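One chain, subunit A, links the two complexes that follow: it is found with subunit B in the first and with subunit C in the second.
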Partner chain A sequence: MSTLLSQSAAVIKMNIQSLPRRLWMSLAMVFASAVVVAILLAFLAMSKGFEATMESAGSDNVAFFIRTGSAAELNSSAGRDQVNLIENSPGIKRDEQGPMVSPELYVIVDGIKKSTQQEANLPLRGLDQRGVNMRKGFTLVAGRMFNPGTDELIVGAGVVSQFDGFELGQEIRFGKNTWKVVGVFSTGGNVFESELWADAKVIQNLYNRGSSYQSVRAVMESPDSLGAINEYLKSEPRLTHEAQAESSYFAEQGKSLSYMAIFGWVISSIMALGALAGALNTMYTSVSDRAMEIATLRAIGFSSFSAFIGTMAEAMTLAVVGSLVGSLAAFIFFDGLSTSTLGGSFTQVVFSFSLTPELFTKGISMALVIGFISGFFPAWRAARVPVIVAFQSGR
Partner chain B sequence: MTTENLFELKNVAKLFTKGKETISIFEGLNMHIKKGDFMAIMGPSGSGKTTLLNLLGGVDQPSSGEISFDGQRIDNLSESQLAKWRANNIGFIFQFYNLMPMLNAAKNVELPLLLTNLSSSERKKQVATALELVGLSDRAKHMPSEMSGGQQQRVAIARAVVSDPTFLLCDEPTGDLDRQTADEILEMLQLLNSKFGKTIVMVTHDPSAAKYATHTVHLNKGKFVKAEELLV
Partner chain C sequence: MKDFYLIYKNLTRKKMRLFLTTFAIFIAFLIFGAIMTLRSALNSGIEMSADNRLVVMHKISFTNPLPYAYVNKVKAMDGVKDVTHANWFGGYFQEPTNQVVTMAVDPESYLSVYPELVVEPEQLENWTKDQSGILIGERIAKANNWQIGDRIPLSSNIFSQKTGGQTWDFTVDGIFKGNDAKVDTGYALIHYKYFNETQAWGGDSIGWLILTTTDPALNEQVSKAIDENFANSNSETKTSTEQAFNKAFIDQIGNIGLIIFGVVFMAFFTILIVVGNTMVLAIRERTNEIAVLKTLGFESSRIFKMVLVESCLLAFLGGLFGIGGAYLIVQGAAKEMARFLPNLILDEAIFGQALIYMLVLGLITGIAPAISALRLNIVTAFSRG
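Coming up: the complex of A and B.
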């Protein structure tokens, strides 16, 4: 059937050209698929953005030590003597100042969220210049580095944007301690930008930690050194720690919002059922609206397949136009939208919704499913329109 | 003799079932249509004219009996075989023109040619010829909504003849037109019959329309009758 293509092309074109006759119904279908796609993309973009914020923080080449059994650094601990033992581990890179190891403290302080004016937890990290240097993409965007031994701190750019009172030069009270903001830093949008950084020794002092720390970071000679490090940790009875690549630690933490993606699929699928009901109605109306035309074409000799394809194409077109509108709306309203949520350590993580091409593909696939199902059954009916309808009087 | 017959109907029956009820439209109907005929079928409303036309046009199938076209049985063809057969042999002209409202005159006329293997330029040429035949060359780009009823029916005639079928089926072709326009359309059909050799069957209940045909048959309650009997 070499003419099947030209028949179908002509019928598809006529179908599309007849859309203005069913303008409002067709727009309703476009709108419904747009809403479904926009909702889906919002949730996926949230999950994706959070994941990216966590994952991009981790380095393959940094070993991250926490006490065995603690899921996050908040509930880990490492005494000064244990830090010294870790410094002796094989596989750790050295420079002129010795092994490249950063023992760090991680305490929780309060901040006021700009969006809700509610108190929320923020991490205050104690570290030294060595630890700062281990962070990928660290730059000071304003002010200067804190001076060791002082009550100065530097603030992540995410904290400044989402919380009140952390601007450069501000004084902040946490409990009975007052701190001065001397710098604002960026780490390229990752989770560290949701932190406050100050000198580890000062925090030990103010929070009565003696000489102990919580987590330890160390630059490895290569990512393969991890095996040797963990063997050393096991063989050293005074150490109760385990090491993992910093990247895998954050990858794991990044998954904690993946339920948002699942939630998004569930919500949008339920909404898609509603959209589908409307879309089926639209398409059945389209078939009865065009019955005379379908029958006339069949009388002329057009195949029933062309009637089927024409209706399918109309449904798919409306759904895809809807998904493009929905994607555009999601992009305008959600992409890059900055917000904060509870991360793995019960502290706020500032992150941005992130719409990637991969997510748009998922949104369009969702719309194609709606289009396919809402087109199939009406198209089947279109293919079955009796040819004698062409001779029935009245239009 | 038989080879001269374009259509032959033998013992044709047609039943419709509506729910539990079965209505018999035709029983044991016999007829033949000769090549070159211009036959008018008359009869009161509900007498089965359109049903007969649908059977001749391969749009509907008989409940029993045989229908042959040019010596070939068509009553036992499948849906898709019938569609092909219609495309190759039949041109339809409807009471309400049945033009595609979203296509201009030329595009409407082109439709049957999309079922052939003609190139786009060959199609254009044939469309132009058909439009010229019905006197609408200057309306090629006009939409159906921009044309009068008579003009629309002329476009429909052009569409019916563009692929040069042997047989034209017209269901009340002038039923929606005023007298003068109706006469123009009927003259055009007459010309297609006499000059272009088209065999035509036209259903009408307008006696002055039937005068254009070479002969007229009368249907009443599914049977052919003499004209006088209808007056009773």
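Coming up: the complex of A and C.
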């Protein structure tokens, strides 16, 4: 056993040291696996970043009411009388001002995206201080809160970074109305940072919404209160709404970019096949390049197993180096890259690519598969070619 | 002819290498064909837009309605040929995730503004007469397996019926096709009048206006006139060409074009390196033979050509299989993806591009080894061997 190990170690060392002789072929294999890993990671990081932006926005303890069948906030509606009914629902927490309920409006306005200089949809949310307090992690990073009853608004940090003209102190025109940016807020990077917030009553007035709202948020006594709330909604014929935990609503919305991850897997798997063909070429060349060496070693008593291991180790080394290069490139170019896309309510969601350790593992695993397959068959040949044939072909 | 025999022998001397290299090229062109088709499908809305068609919507956003009276006001303006209007119905079939893009329109004027939509005259007549009828696009019909005469309940995620509930029953009266395979038919049309009378919110409002100008040269002038006319009203408008409107919508999803270009470029570059290396290696192994050929009197330029032809043959061998494979995949995926994507078509333009890239790949991978073969000195080659 120990001879086997020391033989293998010696052969591995020889293989690695002979790599510079096949420099370009070896680099081609490293490059091919690096590209496969980088492409896979880019798509996964995109999907992951979007998911994180959505999921971190939702709270388990907040019930989110939208009209049944409306799927997204934009399509929902709730009249003032319906909001009053929701306030009477059991399971909702109360404080000195009454039930902790936030009726909100959600309208679409246009902003100029910095990256394309094209107009894109932004959500303008109408709410009051109660609603603001329900957002976990809310902080004003600049300026102050809007004053109720005025045409002041506060802007999410994501909007400021991706769109033109939303800096503190700017005036913005939407249609006939002019708004003044009095504050910039952060909610820890989640989807609310892609929004503009203003007083709900002002928006009702400017957008001819009367006294109606679109969605309602309410703080629950505990996450278990949801059952009681939904029972109440069903028993009240004047309500056409359903309640879900805010966290599950956003988790559902976060899946809308999962097609990017699927696309990434499909594309990188197909590319991996191409890279594999290149890697097999490299490894077969390596075996024929060292045919003389392998034959000599086997003639002086090295086992065929050590020849096998030597080639396998070479392939795995090249693939792993490739995956590290690819991961590093993906990390440098994509991690934290901020971009925006259309979310569930037809509005832009600003999010950052996020490369988690878990994703790196996936990338490296893919490279290891390439390394293993591309090493196995040539290694098999190295181990099995009769010594005499190897001597002849090596000459 | 003799040269071709030699090239053939050179190509096939190592069967495993030939297979692996061809396979790598096959993969590159498979990705190229599939991705370019996807890109052209996503951009078909831009490509297929008529150059004299304008879209008028509310200045704040397309979700804000416009008053119905705007239709006649715009119709009376100079340079305007036909005007029609549409309302977003927000339709889905049974499950909210199973979206059916449905618009409430005025049948006659809508089809005159969109002449690329083709309906059998008999079906069109039935639909025009039938208030609760629906005209569905071919792609939707395929995706859902709907046929003429089917009763389909469509729910709206925005509107409610006056009588309660959010589901309307429609009869499929006809199926429209495009006069070009690239025209998207992934939506359905219902009667605006019926929709407006039955929905609970009431109010004669429309989602947006679509109009054609008498001459594309007037586009700018007409857009300006419309927007100025409604300036300072309660519903200010924003008019853009159909092309700009569709492009802005695609751009909202993000820079798809750049991502796709990036993937194709990287795939190509990788394959280029893999194949280029293999070619260099293959020629280096043949140093001796090339020296023999030169000794026998083969001109250097003839050998140079032979090497290039060999690398080009390799590129076309893998490339043609690859683009063929992409064609088969696209054919297979077109029906599966009908629910989500516009018509997937691998057309002559993409095939032509692929041929050019095959030639480029063949020349680039062959040029370095061909030059070294050209310059090969017989004496040093023999002494090295």
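Simple rule for what comes next: the second predicted complex is superposed on the first by the 386 of 395 C-alpha atoms of A that agree within 3 Å, B and C clash if a C-alpha of one lies under 4 Å from a C-alpha of the other, contacts with A are read in each partner's own complex, and residues count from 1 in each chain.
Definition applied: contacts are C-beta pairs under 8 Å (C-beta built on N, C-alpha and C of every residue); 3 or more make two chains touch, one makes a residue touch a chain.
Just so we're clear, the structure is a prediction, and the values are computed from it rather than from any experiment.
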First, second, both or neither for A:Ala330, with subunit B first and subunit C second: neither
Partner chain in contact with A:Ala45 - subunit B first, subunit C second, else both or neither: neither
Touched partner set for A:Gly301, first subunit B, second subunit C, both or neither: first
First, second, both or neither for A:Leu359, with subunit B first and subunit C second: neither
Contacts of A:Ala367 with subunit B and subunit C, given as first, second, both or neither: neither
Subunit B versus subunit C, judged by how many residues of subunit A each one touches: C
Partner chain in contact with A:Met292 - subunit B first, subunit C second, else both or neither: first
First, second, both or neither for A:Ala275, with subunit B first and subunit C second: second
First (subunit B), second (subunit C), both or neither touched by A:Gly69: second
On subunit A, the residue positions that both subunit B and subunit C contact, one per complex: none
Of all residues in subunit A, those that touch subunit C in their complex: 24-25, 28, 31-32, 35-36, 38-39, 69-72, 74-75, 107-110, 113, 115-116, 118-121, 174-176, 207, 240, 267, 270-271, 273-275, 277-278, 280-282, 284-285, 339-342, 346, 348
Residues on subunit A engaged by subunit B in the complex (per definition of touch): 2-3, 6-7, 10, 14, 17-18, 292-293, 296-304, 387-388, 390-391, 393-395
Subunit B to subunit A touching residues, read off their complex: 50, 53-54, 57, 59-60, 79-80, 83-84, 86-88, 92, 94-96, 98, 100-103, 111-112, 114-117, 159, 171
Subunit A contact footprint on subunit C (complex, rising order): 16-17, 20-21, 23-24, 26-28, 30-31, 35, 58-64, 90, 92, 96-97, 155-158, 160, 166, 232, 234, 236, 247-248, 251-255, 263, 266-267, 269-271, 273-275, 277-278, 280-281
